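First subunit A sits with subunit B, and in the next complex the same chain sits with subunit C.
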Partner chain A sequence: MFGSQRLKWAVYAGTALFVLWSVVSLLSGVTLSRVSIGVQNGYLLLESMVPPETSSESLQRVYTYLFETVAMAFVATFTGVLLSVPIAVGAAENLSPKPIYLLNRGIISITRSIDELIIAIIAVKAVGVGPLAGIIAISYLSIGFFSKLFAEDIEDIDMGATEAIEASGASRFQTFVYAVIPQVAPRFIGLTVYRWDINIRSSTIIGIVGAGGIGTLLMRSFSRYEYDFAGTILLSIIVVVLAGELFSAYVRRRVT
Partner chain B sequence: MAAEDGRNWERFDTITQLKRLVILVIAAATVVGSWLVLELDLQYVWTAPREMQDLAVRMYPPEWAYAPEIVWPLIETIHIAVVGTLFAMVLSIPVAFLAAENTTPNKLTYAVGKLVVTVTRSVHTIIWALLFVVMLGPGAFAGMVAIAFRSIGFVGKLLGEEIEEISFDQLEAIKATGGSTFQVLLYGVIPQIKPALIGIGVYRWDINVRNATILGVVGAGGIGVQLFGAVDAFRWSAVLTILIAILGIVLLSETISARARALAR
Partner chain C sequence: MLETTNLRKVYPTGDEALKGITTTVNGNEIVAMIGPSGAGKSTFIRCINRLTEPTDGAIHLDGTELTGLDDRAMKTARRNIGMVFQEYNLVERLTVMENVLSGRLGYVSNWAAFRRKFPQEDIDRAYNVLETVGLAGMENKRADELSGGQRQRVGIARAVVQEPKILLADEPTSSLDPESSHAVMELLTEIAATKDIPIIINIHEVPLAVEYADRILGLHDGELVFDGPTANLDDNAKDVIYRGVEPPTSNVDRDVEVPSETGDELIQDRPTVAGD
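Moving on, here comes the complex of A and B:
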């Protein structure tokens, strides 16, 4: 496995030492009293969140921002998927020449590595506070995820069909339309809906950095210590996220 | 010949096609409607590429002199991911046993296990961090706990599925020698799920490195603190240095995780 036993034990020992270092350096300043105070604070926090604030005015605000959150997810999924399709085709080994394949794989790894909140904060500085920054950030993160999975689906297609269409004298474009698209269409829909459901989750928190959606409201309520309102917001986020997940699971069961 | 004329070359009948058209129209209308609801000013959309380009110019070249200052925060980010994953593994083992159909004591405990898995997964790391910063004060410790809580659902779910597939003969054999429930777990269940345990742990660690880079936005430690500080101070060339560093550790941890998972299998 490792080539030699000695190397194997060196890797084990190195890993163990690193883990030990992590534990010691992270927990060294943490005393039992800090943890117990933390637990007490948690209890107080929970107590001030329950019952959640339910005045009609606050609920109205939650509805407005939730609406914005879901709308952001829709637009960002659309733009994200639109940008991802060419990258996915480029990153499919069976359709693209090697240099284009490597370039697109590179784009995918890089977009997947930087978190959307980081992109969101940069987008906020670039285009100002509001949902547009959030849409840019979420679309950006969709690219890595969607292109990677969709490229894998394209690689899995039956090349026999492609050959058959080519043999009938079809152009490259016609081959793509009649041989590739019908084979990947169900997976395309499934992935889009799946990504939409992940995007809802992202767009609930992206407001923390000012990029629109209910996160804006959550951050504000925390900084004003309005924990009962924060409780309402957290509950609404959980409900929306779960609803999105159920809907996406239902659609994906239907198409595949 | 009559049969030839009656052939239908359409792959789907009219009703299916109509249904699909309706779904397509609804989907398109939702996207357009969302765009209108958000009242996105096209003026900003058109200037966005220019603003981005402007930003890129201000970022380049990266400020290498800033690099020594971010070495420790980077190490701290990895520490948060390591300890957070460790805590998550410990916390999720009981959850996994509850959420696995063959080891859960009854229907109620099964439902509790599933609930814990669902709720911990659907609350984003940043929201957990927000809560734990209020409870434990700002710093890497709160971030670590947030990472651990977010990971419980993921690890518990995958581990639960693994437990559902173990072979019962071995458990019975240990029971037959007079082993207690704890001994059955230790000698019957754990050895069977050990490869999966390592695989899931390493995989989650790699995701957690990525998550730990953003904890700083709510003051929960890691490289994010420096990143968001630099953004607020408009030190764009320092921002680029940090972004490159983040890219580096994320790609590195991804490589390590892929290697380790290939070995554990």
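Moving on, here comes the complex of A and C:
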């Protein structure tokens, strides 16, 4: 009792000290004049984005890159999910023997540990600038997410049904087809659409490191100080991401 | 004919759930297995088709020894053993027909199962069985649309469509209301007669067992303490089964009133009383 009470206060004090130290060290160079200059610059940047550029040639470029973005997300979701399914089955404790379970859980943890931009940079270095790098990066990132959540859904199934079908003399494969797949199919569809929606968002940003998609165009417009064009791009990203989110929410509501 | 010889099961926790069960089930008799919770009734039934792996002993079904079979041979053997579960264990999202047909999976190839394609004769069988269990016309309903009694009928249909040599029922009435329980017991009795197969039913409602069974197996603490015609189940026999009061020949001093899970704690907390 006494020990845990003391530990609690130690944790509080440690946290408070750490926050204080972070604030002091990060803000030590900040002065009032710097803040006001920063705010002014920010305001100017926003102002130069309005009105967004709407010449038909620019809009055409935005369409082209937006299409590339959505297509990248689509292909990457497909390959990512395809690669995830065996890993998810392997990482489901109720279906897989311990060593396979641990191996697949390990794969999931590793794929989840590196952020998407880092993966995108590596992919660009490996296969060159362009959407292929983006597809590889996003597929890779889908694996960790999809396998982990899908494995948990598989672990949640009613094993009674599985057992009953096994008891009738069905093979493991047949049991999987008859008892596992029907139980996880709705969640599978829901998760796929959800991941597709996340992947659209991811594919808008990884263009910044050269991995294709609308981010490429955004980066270019910033480096050329075409802020009104950047404004157009940002608006288009918002529209596409929102549309994807609405679609995904709709589908998920329908299937589960 | 099912024959178990000295069937033992020790769980990894060290619990000895079955302490050597030797019995024979024959013809088309209805055998009710009764006993307090934790006596090993479920373990016994599940050991027969090896959903639970027995530790020791032998099981013969029509001359085939089951405990020594490899995976493939055991699959084939399981086709001859139908099983009905307490919680029905249907695939809720599949239709009644698909659930019944899943009882035929042992007879079709993986590829056919993948395409959900069954031979016409299996489909005819399924329709017949659905009629037997009183669910004719329900084949396209989803299992989760049915009532408990109807689900259990689907569960029975799935077991019967296997055309098994024996039917095992693990507490088939425990999740049902009294009316459905009677209906299920009647159905099982009818199936034993028409299909000419024996049925072992785990059941904890003694009146139901007495009403429908030809023979009673009484299990207490992993031991078979009663095995005889239903008529011989008198109050004394029930005491032996449920309270472990045994004939004077063996030691009477077992702590049988205390449920096994909490028994140890209770004994520790209780002061030792002389003459207890």
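The rule is short, and it goes like this: the second predicted complex is superposed on the first by the 253 of 256 C-alpha atoms of A that agree within 3 Å, B and C clash if a C-alpha of one lies under 4 Å from a C-alpha of the other, contacts with A are read in each partner's own complex, and residues count from 1 in each chain.
To be clear about the criterion, a contact is a pair of C-beta atoms (placed from the backbone, for glycine too) under 8 Å apart; a residue touches a chain by one contact, two chains touch by 3 or more.
Nothing here was measured: the structure is a model prediction, and the numbers come from that model.
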In the overlaid three-chain picture, which partner chain does A:242 touch, first (subunit B) or second (subunit C), both, or neither?
first
Once the shared chain is lined up, is A:177 touching subunit B (first), subunit C (second), both, or neither of them?
second
Regarding the shared-chain residue A:201, is it in contact with subunit B (first), subunit C (second), both, or neither?
first
Which partner does A:158 contact after superposing on A: first (subunit B), second (subunit C), both, neither?
second
Give one of first, second, both or neither to describe whether A:168 is in contact with subunit B, with subunit C, with both, or with none.
second
Should A:68 be classified as contacting the first partner (subunit B), the second (subunit C), both, or neither?
first
Which superposed partner A:55 touches (first subunit B, second subunit C, both, neither):
neither
Examine A:94 and indicate which partner it touches, taking first as subunit B and second as subunit C; both and neither are also allowed.
neither
Subunit A residues contacting subunit B in one complex and subunit C in the other none
Which residues of subunit A touch subunit C in the complex?
158, 160-161, 163-171, 173-175, 177-179, 182-183, 185-186
Spell out the part of subunit C that touches subunit A in their complex, as residue ranges.
49, 51, 75-79, 81-83, 85, 87-94, 98, 102-108, 110, 113-114, 155, 158-159, 162
Could you please specify the touching residues of subunit A with respect to subunit B in the complex?
1-2, 18-19, 21-23, 25-27, 29-30, 34-35, 38-39, 41-42, 45, 67-68, 70-72, 74-75, 78, 109-110, 113-115, 117-118, 121-122, 125-128, 131-132, 135-136, 201-202, 204-205, 208-209, 212, 218-219, 222, 234, 237-238, 241-242, 245
Residues of subunit B touching subunit A in their complex?
30-31, 33-35, 37-38, 40-41, 44-45, 47-48, 51-52, 54-55, 76, 78-80, 82-83, 86, 118-119, 122-124, 126-127, 130-132, 134-137, 140-141, 144, 210-211, 213-214, 217-218, 224, 227-228, 231, 234, 239, 243, 246-247, 250-251, 254, 263
